[in-house]
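Naming follows writing order (A, B, C and D), and every chain is counted from residue 1.
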Amino acid sequence: MIQMTLIQIDNYGPWTVTPAPRAEADLQILQSELYADLQRQFAAKGGLVFFTRFDNMLAITNNVDMDDHRRIQKSIGNRYPITVSMGVAAAETPYEAQRDATAVLQNYGGAQSEERKEVLAIDGLVNKEDSFVQIAHIDINGITDSLTDIIPAYDTSFIVNRVQHFLMKKLIEKGSLVFFIGGDNFMSPCNGLSPEGLLKIVEEIEDETNIALKAGIGKAPTAEKAANLADLALEEIRGGVTYDLVHVMNKK
Amino acid sequence: MIQMTLIQIDNYGPWTVTPAPRAEADLQILQSELYADLQRQFAAKGGLVFFTRFDNMLAITNNVDMDDHRRIQKSIGNRYPITVSMGVAAAETPYEAQRDATAVLQNYGGAQSEERKEVLAIDGLVNKEDSFVQIAHIDINGITDSLTDIIPAYDTSFIVNRVQHFLMKKLIEKGSLVFFIGGDNFMSPCNGLSPEGLLKIVEEIEDETNIALKAGIGKAPTAEKAANLADLALEEIRGGVTYDLVHVMNKK
Amino acid sequence: MIQMTLIQIDNYGPWTVTPAPRAEADLQILQSELYADLQRQFAAKGGLVFFTRFDNMLAITNNVDMDDHRRIQKSIGNRYPITVSMGVAAAETPYEAQRDATAVLQNYGGAQSEERKEVLAIDGLVNKEDSFVQIAHIDINGITDSLTDIIPAYDTSFIVNRVQHFLMKKLIEKGSLVFFIGGDNFMSPCNGLSPEGLLKIVEEIEDETNIALKAGIGKAPTAEKAANLADLALEEIRGGVTYDLVHVMNKK
Amino acid sequence: MIQMTLIQIDNYGPWTVTPAPRAEADLQILQSELYADLQRQFAAKGGLVFFTRFDNMLAITNNVDMDDHRRIQKSIGNRYPITVSMGVAAAETPYEAQRDATAVLQNYGGAQSEERKEVLAIDGLVNKEDSFVQIAHIDINGITDSLTDIIPAYDTSFIVNRVQHFLMKKLIEKGSLVFFIGGDNFMSPCNGLSPEGLLKIVEEIEDETNIALKAGIGKAPTAEKAANLADLALEEIRGGVTYDLVHVMNKK
């Protein structure tokens, strides 16, 4: 089972314009430093955070227990002008886990409620024996040669966003999520998705967009290890160890 | 005229997997802290950076001169395990400015070249009299009530990404860019786009996606001031000062 | 027993002036961000880092095991232009622990050796049953009224430094260390020091410098908990719960 | 003339223990990140900040005008749970400048006043023609070989603190300040001090403590440039270009 945490900044929208709109540069710094900070703290326990919408972040949190969540939450409250609430849930697929994590937090009030503050709402935690995370690391074949070094930077960014859009649309149907992680890279928490299922999606996207993708899949008890195995699988494709466009590595 | 800078991490892809793939959490922290850091330094001169693809960032840099660029570049080189190269150009529209900024940097070698390092390639800078930045701050009407507090977090994120995709597709045709800045917010450098032109796009997107957008537009000599005026214009729509979905504020 | 870790930037001195002296502002940012970063990572396991000389930091690391040290070390190497080596040791007193932690690292080569890099040298780790940390939180009585709000900022700083000098001189004889932690606050890892012993020092310093100190002492299995109890003890003195200048709180 | 700014966290002491003492690790992270942040922002205008007591920081701010101060102050207020007030003054010596900067801020209320918040109190600013900063960069001769690689880390730190104590005591009499900047390095804003005067102090300290120091002095219109020249002067001593223990470089 995969455990996911929704991290939501409390009453953020109103704060950004009170008493007057705050400088956009300051908000961007605040958001990206908050994300980096949470990443560092969840990573200390083998978790992995995705920036998602910045005011709402989704994280894979197998091995991160209630006390860890509480400590991280307090640590943010001590060092930022805002606080965060969290919802945690475990399920067979990433889609279900984030859905339940959202629902359990929504029970405590809206994101812009003036009362809700530093809530930690736990629907369920994964125990050690059942802990299982499957991650696919997906990238675009040869993007530097074919795009980055040739066309304008924004056009490349446009193409990458288009690929993300297609990936999101197709993977959500399989109960899998996908997050942009920079460059031409996507990370997909995908418990329950078969390599063949992912290959089919990769092939469909090539047909529809003419962009060739490849994917390494890792499976392990924590996000940290699954992501690492996914990276190694991707390296084997890059290195020519396999001709498959989707390649799996399991934790030995 | 608008001045834009392309900031590109030198030879980043190969570095992330040398000697073995680096922990994804560390790369995420590195990228978001680098972005926050550049934002803070460009903001000190009235500039505004967009994270774009993180390894390639686009910034509006009116009022940031060659010495400032050089200082920022050195400061990054002194504090990170990577270096950055930059291309700078000025043009009538944001699309042209980033296109020329990319081209002037591409002349110096590829993003994954082992030789190219800490290049500062300047195609042109805007002088004070000609400096003009137009920014639209676009958001989704009532997203908290209609989406964030009701549907799963990932589904909201999916919808926001879809809106971004439509915005990018339509604005690029007008020579305008659009960047996601967190939550349900987008910022569009849009010199040359008329309020009517933007309103038409907003209406088209509502027709096609059933998502209602609104936009504040600001015009000023620097990105900082233009963004601030765009925020104020958006606040006036929120506050009911105007019933227009696109509202403009000029620097007095 | 207390476990301490010496964290040393590898070959830092030469790096700061290669190829030419790097901007002092950049070095200051690098050092303080590195310290904050290490603090966050060690704190995730109940540890506490003192900035010491910035290029050499001492930390109380009970409950932080070999894998944690390794993970932190790699994480720094992935995100900074420098790497760190560490020595770890456990002993009855803080002085002995840092002495042995230093010695075990010195075995691997000098701080400015070009060969030594990312060494993790472990002399010994504390196991759970023997884990014990005693910390005194010491501050200056009424500093805001008597100094900060009246005399020049530098003069206050001069007096605080003088107090630190006296505290260091007297506490080292008891096998205790003392670190400045900002404001008028000092934190002293002091396993083996009796409350009476500390009171005597506080009284001597008042005689010699005319500066009145007070101290809360906390005892617990980790630095995090001991520091928290020391804070609570200090609050009880401030709140008038006790008239003692040295007050102890034990973990129940 | 040298311009100095006192940066003081508003009502910080009470905040750190409200409603209960906050985790020491969090406070340390907050303080050092705040310092790094201010450093980055002042450095963008050629200034230099010293961490001093962390809740009270002194900065050399020649070339940083009122608008810059205001922008930095707002930027901190937007991203931290605390705010800062500032006092600014200009004088012939650093001691006088910080004294007047403190006094002008004290006029607005105490550091722990609940009313005083985000005050910017300006006693005077230096204009371009009169701007002059003299900085000495002082370090300990051969500390790595003689101390760091041989004796325990804390003992080295004790010796460095002792040297600081002597430097502070002797330099304050000349109207000069001295700040620890990490390792075995001190930076002394010292407008008005002659090289002979500094050499005498270096020699006295060697007599009294048996620790040999050396110093590079730089003179320039901003702290950034003066510090850089001081570094270069120190490098010339290290490189054997001069046998003097105190060596001066002027901006050409």
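What we mean here is this: a residue touches a chain if its C-beta (ideal position, glycine included) is under 8 Å from a C-beta of that chain, and two chains touch if they have at least 3 such contacts.
These are the chains along with the protein names UniProt gives them: A, B, C, D = GTP cyclohydrolase III.
Because the structure is a prediction, the values reported are computed rather than measured.
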A-C or A-D, whichever has more C-beta pairs in contact: A-D
Shared interface numbering between subunit B (GTP cyclohydrolase III) and subunit A (GTP cyclohydrolase III) [over half = same, under half = different]: same
Per Cα centroids, the chain farthest from subunit C (GTP cyclohydrolase III): B
For subunit A (GTP cyclohydrolase III) paired with subunit C (GTP cyclohydrolase III), centre-to-centre distance based on mean C-alpha positions, whole Å: 36
For subunit A (GTP cyclohydrolase III) paired with subunit B (GTP cyclohydrolase III), centre-to-centre distance based on mean C-alpha positions, whole Å: 22
CA centroid of subunit A (GTP cyclohydrolase III) to CA centroid of subunit D (GTP cyclohydrolase III), Å: 42
Shared-contact residues (touching 2 or more other chains) in subunit C (GTP cyclohydrolase III): 23, 25-27, 29, 33, 40, 43, 75
Subunit C (GTP cyclohydrolase III) residues touching subunit A (GTP cyclohydrolase III) - in the complex, by the definition given at the top: 37, 40-41, 43-45, 68, 71, 75
Residue ranges of subunit D (GTP cyclohydrolase III) in contact with subunit C (GTP cyclohydrolase III) within the complex: 6, 8, 12-13, 17, 20-21, 23-29, 31-33, 35-36, 39-40, 42-43, 48-49, 51-56, 58, 95, 98-99, 101-103, 106, 110-112, 137, 144-145, 148-154, 156-158, 160-162, 164-165, 168-169, 172, 177, 181-184, 187, 224, 227-228, 231-232, 234-235
Subunit C (GTP cyclohydrolase III) residues within the subunit B (GTP cyclohydrolase III) interface of the complex: 22-23, 25-27, 29-30, 33, 74-75, 77-81
